[in-house]
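So, here's a batch of structures to check.
Two complexes follow with subunit A in common, the first pairing it with subunit B and the second with subunit C.
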Partner chain A sequence: MSESLIKNHNERLKVLIRKRRFWNIFLSIGILLGLIFSSKIIDINASRLLSGLPRLGDYVAQILPSLETNSLFLDSKTEGSISYWYFNLPKYLHLLFETFNMALVATIIGSLIALFLSFFAAKNTAPNSLIYFITRRTLEFFRGVPEIIFAILFVWALGIGPIAGIIAMMLHTTGSLGKLFSEVHENSDVRPREALKASGGNWFSEMKFGLLPQVLPNLISYILLRFEINIRASTILGFVGAGGIGQELYLVINFNYYEEVSAIIFLIILTVISIDILSGYLRKNIIEAE
Partner chain B sequence: MTDKDIMNLHPQVFYPLWKRSPLFILTLISILTYLIFSINYFNFSLNDLLNGFSKMKPILISMVTWNDFFTWNFNSILIGILQTLSMAFLGTIAASIVSIPLGLLASRQVVKISLPRFIIRRFLDFIRGVDILIWALIFVRAFGLGPLSGVLAIFVADTGTLSKLYSEAADNSDNKPIEGLVSSGATKISTLRFGLIPQVMPIFISQSLYFFESNSRSAVILGIVGAGGIGLQLSERMKAQYWDQAFFIILLILIMVAVIDRVSRALREKLINE
Partner chain C sequence: MKSLRIKNLKKKFKNTIAVNGINIEIDEGKIIGIIGRSGAGKSTLLRMINRLVDPTEGSIEFDDIKVSSIKGRALRKWRSECAMIFQQFNLVERLDVLTNVLIGSLGRNYNLLNLFGIFSKEEKINALKNLDRFDLSGIALQKAGTLSGGQQQRVAIARALMQKPRILLADEPISSLDPKNAKRVMDDMLKINREDGITIICNLHSLEVAKKYCDRLIGLSDGKVVFDGSPEALTTEISKELYDLDNE
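What follows is the complex of A and B.
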């Protein structure tokens, strides 16, 4: 009895192992082929990598500030002090404020448009399937095209400046939040809406009293998440002239103002991390309050 | 029961809006104030915007009129797409390989002392704070123009995120297999190999696949700062105002991304079911 059990078990284990081994070999061969193929295409090899590494080290050494411990807190005229490193701080802060505002405005307007469109992009709230289809495809397009491509286009049309960046980010925000919002709508409980319908409520009050109260915490949490993403995006849109601190960063990297590169990058990191922490805290509270 | 009786029964429902939800009104007012402030701050004028958009009309029209379609340089576009995919692939693989030890070292499950974990996590936060495009710009400075800088940018940026996700997967793993191995006298290495790795490997692989998807998107834009690939082809055509070809490339990118999404989703589902 027990012997046959063990035998049975062994048999099953063997099949399992064989299946797993097949998968492992399949995956390894796939990855290996991919590696060979792709390193051929972009002409990468060990010697190029190795010759580049010291240059990378040099570059990092150049952009890092030369701080000296005994003059760390002296004024901006003394070499080796923090204020010498950050002599341009007022300008950076001004640009950082602009970056922050770009992200915030784009998030607010984008999520309002997304909220409006999401009712037409959710199966259970769309008036008919044609509108549903069109809205979905439109959102997909705005989500699929990278925002920096939109930014290039709008910089060309509207001129250099933050407005182009805001519109680019807004479009992308609309695309991705519209999809997320519509999915939240689709997963919502249908009973409150049915009750409102049964007691004679129209479509508008159905949405306002039956749908929004249940989905709002989720929506806000998605909006906050999007705000984090937009803060990151707005730091780089300046590369193509769409405003924010990215424009200055692009400039100092290309003109080799070495220490300013690290100064700006550290500021960006500080901003991004603090916004992430703040928004993470808010999101956690919203979800817990639910 | 008349309407009045119902209103007397639940008076709080029929308060005026500002009394029922002051928070809502407050939020609305602050958002409106902020938007008015930002109109001033950005010197926004509707006139300029409309002017700009009217300037865009010929662009939009030329985007969809493909007159000399058969004379376009499809070869360079194809190579661009292959380069972009290769960049994404190499970057993801390299980042995944480095992230396995880094992620395990940053996990509670493997390293019990908190100091090294703390250091690694802050280091990863630091990497994640810098956008991939900034990394690309730095690598282009150090390694010169070309896809190699793109691969390295993806590698560095992804190492920051993947290691964090890997460490979280290891944190959430089941303790029992590990305890079983420890109690039967296994060494530290074989505890990891047979207790932890079998649990987390499917998650690691599916996350890497997911990152390959998102990298094939980000590799597109790396071309704009000089890291080659389809992004370079696109931005060159946009600079030269070949809007028709630019739009064609954008469509190709959308198709490429959609196909990769499908394939990778199918693979991930297969992996999770295994």
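What follows is the complex of A and C.
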């Protein structure tokens, strides 16, 4: 009796394994075919990649500065010194500061608008489902349109300069933070709010005392993360004329001022790394303090 | 005429009837214990009295307030007169004890400055006095989340007192406390009932506690009143029936 049961069980197991094997092979072949098909469409071929790769190296070699060890720390008139490479440093620093401020202003204003809208975009805090629906879709629009498109639009409308970049980043920050904030609200504990409601508090005091104290550390953490993203974004936005160091980078690339390209890129990398470290440190402290 | 009158009160949730036609009248100044096993409708009844839950049918009246049908500002005013404490205390854990107590004044005396966390000196003194009544003024600036369960519940009582309520609803106030803290919380409730004349309606799991502290007991089963009388009148048979006691 029990032996036939085991036999039966083994038989069924075999069928299951065979079925699974079939699906594994079927999926593998499918993925392989899909890969071949899509690479045909976007026209990747090995010979072009191989012949192109050295040129990539050429460009990198060209933009690298020609530094000489014995004149490394001499003044900016001597070729081969660091200060010759960075002769334009005061200008770069000024532009970098502009980029930094663009990101800062866009993050602050964007976060405030996002905070305001997030209450209407969370299921448990929205006054009714119509407002919820409208706010959600609005945030999706701000988040869905790439920053660079907004930047091009505002450069066209307001002229070249940082203000176009600030508005573009601000809109995108509102869209993405608004969504993240509203999800934090939705995950919050309902009990403190219930107590406020039960004591006759109105909606505003319910949000201020029942909700905000709980979610604030999370919100700040998201804002810092967004600030890092905006620092990088504001560099790119400069390419379309939205101010800051990116605009200068675009210029030197186009004019083939090779050594200046690497000088600016190194500076940007350095800035991004230090902001990342700083905000990571801040975030950690805020979360741990709670 | 009794001050709180509940007539034919019903509450239907999607598939269940939580409260099924309750009629009770309650005198002012007493401690009323509501007993019965979990799922009997005790919590829903309490929540309907301060309208955290809206009744499906029936009416609740207090003096000349039609509690079951008011809205907006009138509803908030009623809620401020009808304080509530909860099984899980429902404090704002990240705020300090004093602010938690001050929150109780928001329904009664709200102004725009409160939204920036600013409260009048008068309210602050009021809050400290209330904390002092329960020997809690020493921890006024500690974060509420760091307190023990018993302390949190007593802070919640101080918060309720800030509302200057006429009724205090207590939804299983001692279910998550150890016996020693439970006694302290019940003693504090007795104190505000005797000293301030605040009516207390209290959901209780423990029959022993209910008999000790309450002036009147109301037994619920399947959303209906099956017992209503003094603690002395509650016989062993009735309480066995109420709780479906594990003598099977």
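Heads up, the rule we're going with is that the second predicted complex is superposed on the first by the 261 of 290 C-alpha atoms of A that agree within 3 Å, B and C clash if a C-alpha of one lies under 4 Å from a C-alpha of the other, contacts with A are read in each partner's own complex, and residues count from 1 in each chain.
Methods note: contacts are C-beta pairs under 8 Å (C-beta built on N, C-alpha and C of every residue); 3 or more make two chains touch, one makes a residue touch a chain.
A quick note: this is a predicted structure, and the numbers were derived from the prediction, not measured.
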item: Three-chain arrangement built on subunit A, subunit B and subunit C clash or fit; value: clash
item: If touched residues of subunit A are counted for subunit B and for subunit C, the larger one; value: B
item: Subunit B versus subunit C as contact partner of A:Asn101, first or second or both or neither; value: first
item: Touched partner set for A:Phe227, first subunit B, second subunit C, both or neither; value: neither
item: Touching partner for A:Gln214 - first (subunit B), second (subunit C), both, neither; value: second
item: First (subunit B), second (subunit C), both or neither touched by A:Ile236; value: first
item: Contacts of A:Phe204 with subunit B and subunit C, given as first, second, both or neither; value: second
item: Subunit B versus subunit C as contact partner of A:Tyr84, first or second or both or neither; value: neither
item: Which of subunit B and subunit C A:Tyr92 touches, first, second, both or neither; value: neither
item: Subunit C-contacting residues of subunit A that also contact subunit B; value: none
item: Touching residues (chain side subunit B, partner subunit A) in the complex; value: 31, 34-35, 38, 41-42, 44, 48-49, 52-53, 55-56, 59, 79, 82-83, 85-87, 89-90, 93, 125-126, 129-131, 133-134, 137-139, 141-144, 146-148, 151, 205, 217, 220-221, 224-225, 228, 234-235, 238, 250, 253-254, 257-258, 274
item: Subunit A residues touching subunit B - in the complex, by the definition given at the top; value: 19-20, 23, 27, 31, 34-35, 37-39, 41-44, 48-49, 52, 55-56, 58-59, 98, 101, 104-105, 108-109, 141, 144-146, 148-149, 152-154, 156-159, 161-163, 166, 232-233, 235-236, 239-240, 249-250, 253, 261, 265, 268-270, 272-273
item: Residue ranges of subunit A in contact with subunit C within the complex; value: 191-192, 194-202, 204-205, 208-210, 213-214, 216, 290
item: Residue ranges of subunit C in contact with subunit A within the complex; value: 50, 52, 76-81, 83-84, 86, 88, 90-95, 99, 103-104, 106-108, 110, 114-115, 117, 156, 159-160, 163
